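Next up: the structures, one after another.
Presented sequentially are two complexes of chain A, the first with chain B as partner and the second with chain C.
And then the complex of A and B:
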């Protein structure tokens, strides 16, 4: 009797375990999308925040802080900011600011009542800094007034040409999208012809032993870590591009294309070859019996009947190239600009995420997740294409 | 006719040349890295601390990440493969499961990194640590383990299961005592393939494990894996000596990859032979 329960238990156990994959995928979708859509939905903070440096005692809008906290949040609808703190010998610094909430230009939103005793500067967008010379050198007293950033427009995000995440807080990713697309397409144009020639040769002309050797080599090529490809590209391909074209720096779109083409070779070759091997022998025999040569049969029969597998391989190659990160960072140069020639430095979506996540904070960090969402949507579209092709293959 | 023969020969030549070219590129990469690394790559290099120009902390961190992520992923992956081969009919759950696994396999590693950073580092509060990275990577290698194990389970002959069931065992006993042991070779292969993925992965590791150069004592500390060390040396360091270390690190990584490839080849062959004998 016990055994029966054990059996039932294991049945449910395996079913539960298998749900982990589904849950993981769901969690990935929810978390990345939720974080990535945040900048387009809400403002960065409900109201104005103050960050205070080297000031011991401060009164804000009548409220006195003896131990000034790291950050002071004002009420959402605060119409004015009045700052008072003791300075020097029984003196007092006074700043009165009117908040003009309807003003769209962040720089003009704060109106100083009279000329403030402080030096006013605008270190980054949405930040106004008031500075007074310190009692000691290097101990300048500062109050940073941080205005909330309004929701970012998705159109400006996708179509924007400028990526100035820290100073101007402008987040336009169009150059990166273009960079990703160009690098991937370039890699496909360079890599796919070679890959198809190899696959057809391995499937149709090579004897078993050399074919097994070639397959082993291609598996090894697939196993080399992407960082090693990037390193190899930096050491060999980048200097080669520099010397051949006589340009100042070899970190260019072309270098990225060459490295990516190398990296997608194994993917395309493996899938194309296996779908070519699956073409039924009777089709080839029919072609040969009609007097076609072996080469004609290979090109007209095998390649034609394997086309859906070949296309699936190419699409998988594209999605590999789109998602590749470390190899591209090392060779592409990474300037966030729109490229007009293959000899310019380029930055991809993935490179932006990996390079800037280390120091990004606030909306900048959220925007990196938004880039992840863009990438995710591109990959999901490619994946669904592959799934559809696979289904088509099963039917045939 | 002559023109045909000539054209066929030309095409044959082009195809042979492109395959030889691809293999030559592989050979060039391997030879180039090993020749440059030859000066500094040694046992001492692998077992010296970072301050003395070695990579011991990176080796230790990589091992930690590999062990923890395999320990998490292997049971789940095997369980899922067992469910897919032994229990599933053609229910909607199975269809959803298959799509989920396909999709997981296609997600680029940097997105796993973003997810891991959000979920394990921030939401669950692990911070940048080995455990956060291992959790992230364990999801990433799940499709590899599931697919390979599933192949192995499928290749266990049905007669084995029938023989066991006819002796009066229950289904779960058959799975644990007959099916899984017969598929052991394939399961080990899947684990080795997954180890290869984990060792070579870099983008998600950079986001979740971090850059700390110390030898980690527990899995809750940050560390630096071999791949990240190589990235850091080439991209951010300025010291000219670093390139020697970078080559040696790249050489170490390639050696690991070659070893893993050879091991899976040997195992697959052995596994196929033993299957052949049994059935």
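And then the complex of A and C:
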């Protein structure tokens, strides 16, 4: 009787636990997607916003503010902005602006009726600042006109070549997508052959005791925090690349590839080696008894029959290379440019998120979530591609 | 055995609650423990850590939690997540107008640094602008001291307070393509200490002997020259709070702006009062 209740309790307990973990994963996905899709569906604000500094009394479109709030929002469809405020002894500053809502170019959207008395400046995209000298030194009177940013085109986001998030507010991530792909591919091409040969050597040729020692050492390597690899790269690989190739800075795609290749070694070796050990002894004995050499057996029997584990190791290696952040930030140089040579500075998607998340505000911060969505889709596509490849191989 | 253990636990709980109650009463009503959350700029963090350390002696029941996240985050979450937000740059127009109380707590110079082996000792603001916009790509174009070779330009990431202030002061509109971007003062120093062709910039308060600070327009990078206005590359350290902040966080803010706080500022930065 007791047993039955205990079983039922554990059944519900397991269901609850899996439900909670599925819900948590779903919540993370929904959060990232909701944030990341925001810049493409709506404008940043419904209408024009004014930010006023050091002006005590102000009339905006006929409405008088005696105690000017920090921020004044205009109506959504305001076609003009008329600003009036007392200045000096009996004077009055007057600025009349016509709003050309259909104008695509943000700089031309505001048309000043006559030469304004203010100094007009454009500190960043979608912001126009009117400035007057202050009544006291250092207390310049300013009115910032903040225009709403229209929805961003997804094509310009994915295909854009420029990443100027602060001043120009241009968000093109193609160089970063290319950077992530190139760095990961390079690491795989450099790291996987080395890892497979190493695993084969440990599984087939090394005596038991040294093999166990080597295995322990490699597992230890897998546990080292990535920032340590990054600092090793910064102190050793970056200067080496600089000196060997005689370039100005060693923070390049090549350095990132070398560090990433080192980082995926332990993962690929451990998994590949254990699957090679699992290859049935009878297969190897059959091969040897037919007269094949030890080398031929290792190459044709062990490696071939362990392919499922080898591919699993490569998948994990790719995931590690694509998702790696800290080590890459330290050695890659992080310039958001399209690279045509391994000796140029490169930036990855994850590096962009990690570097700029703390500093970003407004649309810039939402765009970093959009990069997260791009990364998510890339990894999903990669995994399903590899799964398909693997299914194809299993049939053979 | 089991019963004994339970009894021991209950006893321990009872005792600890008695002691806790006792100490609470001894501390008095106005000294209830309080934690002030501070967050934002990584450049302001070293100064804030010194403040927190000293304030722990002035008001031991107040704990200051520092979250070094970045100026943007400090401004965005001032008054909500953080009672005090830290920024190492002026607020952008879009960030203004949220009813913040904005206080400049210190002035920090920005040192332009090169490798110790670099013979170049001084650059003008125009030369720095040329290097960072790509108009000058070789040391031979700017040094006048015989050094040549491609310049490795090192900058900070977009949105960084140090970068924003540096670009505004030097008049840099668009960073040269291929410039390295580092996320922290430490990474920039480490990178420049082992690269004889590199140039970068860091907070003057974080300068040490591992790299060499250039004179800008012939004026050496020092606190004294920032104070007398001859060294042009300087920016404010700003603290943001809301009017409805807790009394303890207001008191902490006043203390930082007061003589004791400003004396701490003086150790590596430039006081405002």
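List of remarks:
As a convention for this text, the second predicted complex is superposed on the first by the 368 of 396 C-alpha atoms of A that agree within 3 Å, B and C clash if a C-alpha of one lies under 4 Å from a C-alpha of the other, contacts with A are read in each partner's own complex, and residues count from 1 in each chain.
Just so it is clear, a residue touches a chain if its C-beta (ideal position, glycine included) is under 8 Å from a C-beta of that chain, and two chains touch if they have at least 3 such contacts.
Here the structure is a predicted model, which is why all the values come from computation and not from measurement.
Once the two complexes are overlaid through chain A, chain B and chain C clash, as defined at the top of the document. Look at A:186: by the touch rule set out above, it reaches neither chain B nor chain C. Once chain A of one complex is fitted onto chain A of the other, the partner contacts of A:166 are limited to chain C, with no touch recorded for chain B. In the superposed pair of complexes, A:333 makes contact with chain C only, with no contact to chain B. Considering which of chain B and chain C touches more of chain A, the answer is B.
Using the contact criterion defined above for the overlaid structures, shared-chain residue A:322 touches chain B, although it does not reach chain C. In the superposition on chain A, A:242 contacts chain C only, with no contact to chain B. In the superposition on chain A, A:220 makes contact with chain B only, not with chain C. Applying the stated contact rule after C-alpha superposition, one finds that A:234 touches each of chain B and chain C.
By the touch criterion defined above, A:313 reaches neither chain B nor chain C.
Residue contacts after overlaying the shared chain place A:345 against chain C, while chain B stays out of touching range. Contacts of chain A with chain B, set against its contacts with chain C after fitting on chain A, overlap at residues 231, 234-235, 329-330, 354, 357. Contact residues of chain C toward chain A in the complex are 42, 69-73, 75-76, 92-99, 149-152, 154, 157-161, 164, 173-174, 177-183, 187, 190-191, 194-195, 197-198.
Interface residues of chain B, counted against chain A in their complex, comprise 4-5, 7-8, 11-12, 14-16, 18-19, 21-23, 25-26, 29, 32-33, 36, 75-76, 79-80, 82-84, 86-87, 93, 96-97, 99-104, 106-115, 117-119, 123, 139, 142-143, 146, 170-173, 175, 196, 199-203, 206-207, 227-228, 230-231, 234-235, 246, 250, 253-254, 257-258, 260-261, 265. Contact residues of chain A toward chain B in the complex are 3-4, 6-7, 9-11, 13-15, 17-22, 24-25, 27-28, 31-32, 35, 194, 197-198, 200-202, 205-206, 214, 216-221, 223-228, 230-232, 234-236, 262, 265, 269, 293-296, 299, 316, 319, 322-326, 329-330, 350, 353-354, 357, 368-369, 372, 375-376, 379-380, 382-383, 386-387.
Note for the complex: chain A touches chain C at residues 49, 51-53, 69-71, 123-124, 127, 129, 144, 146, 163-168, 231, 234-235, 238-239, 242, 247-251, 329-330, 333-337, 344-345, 347, 354-362, 364-365.
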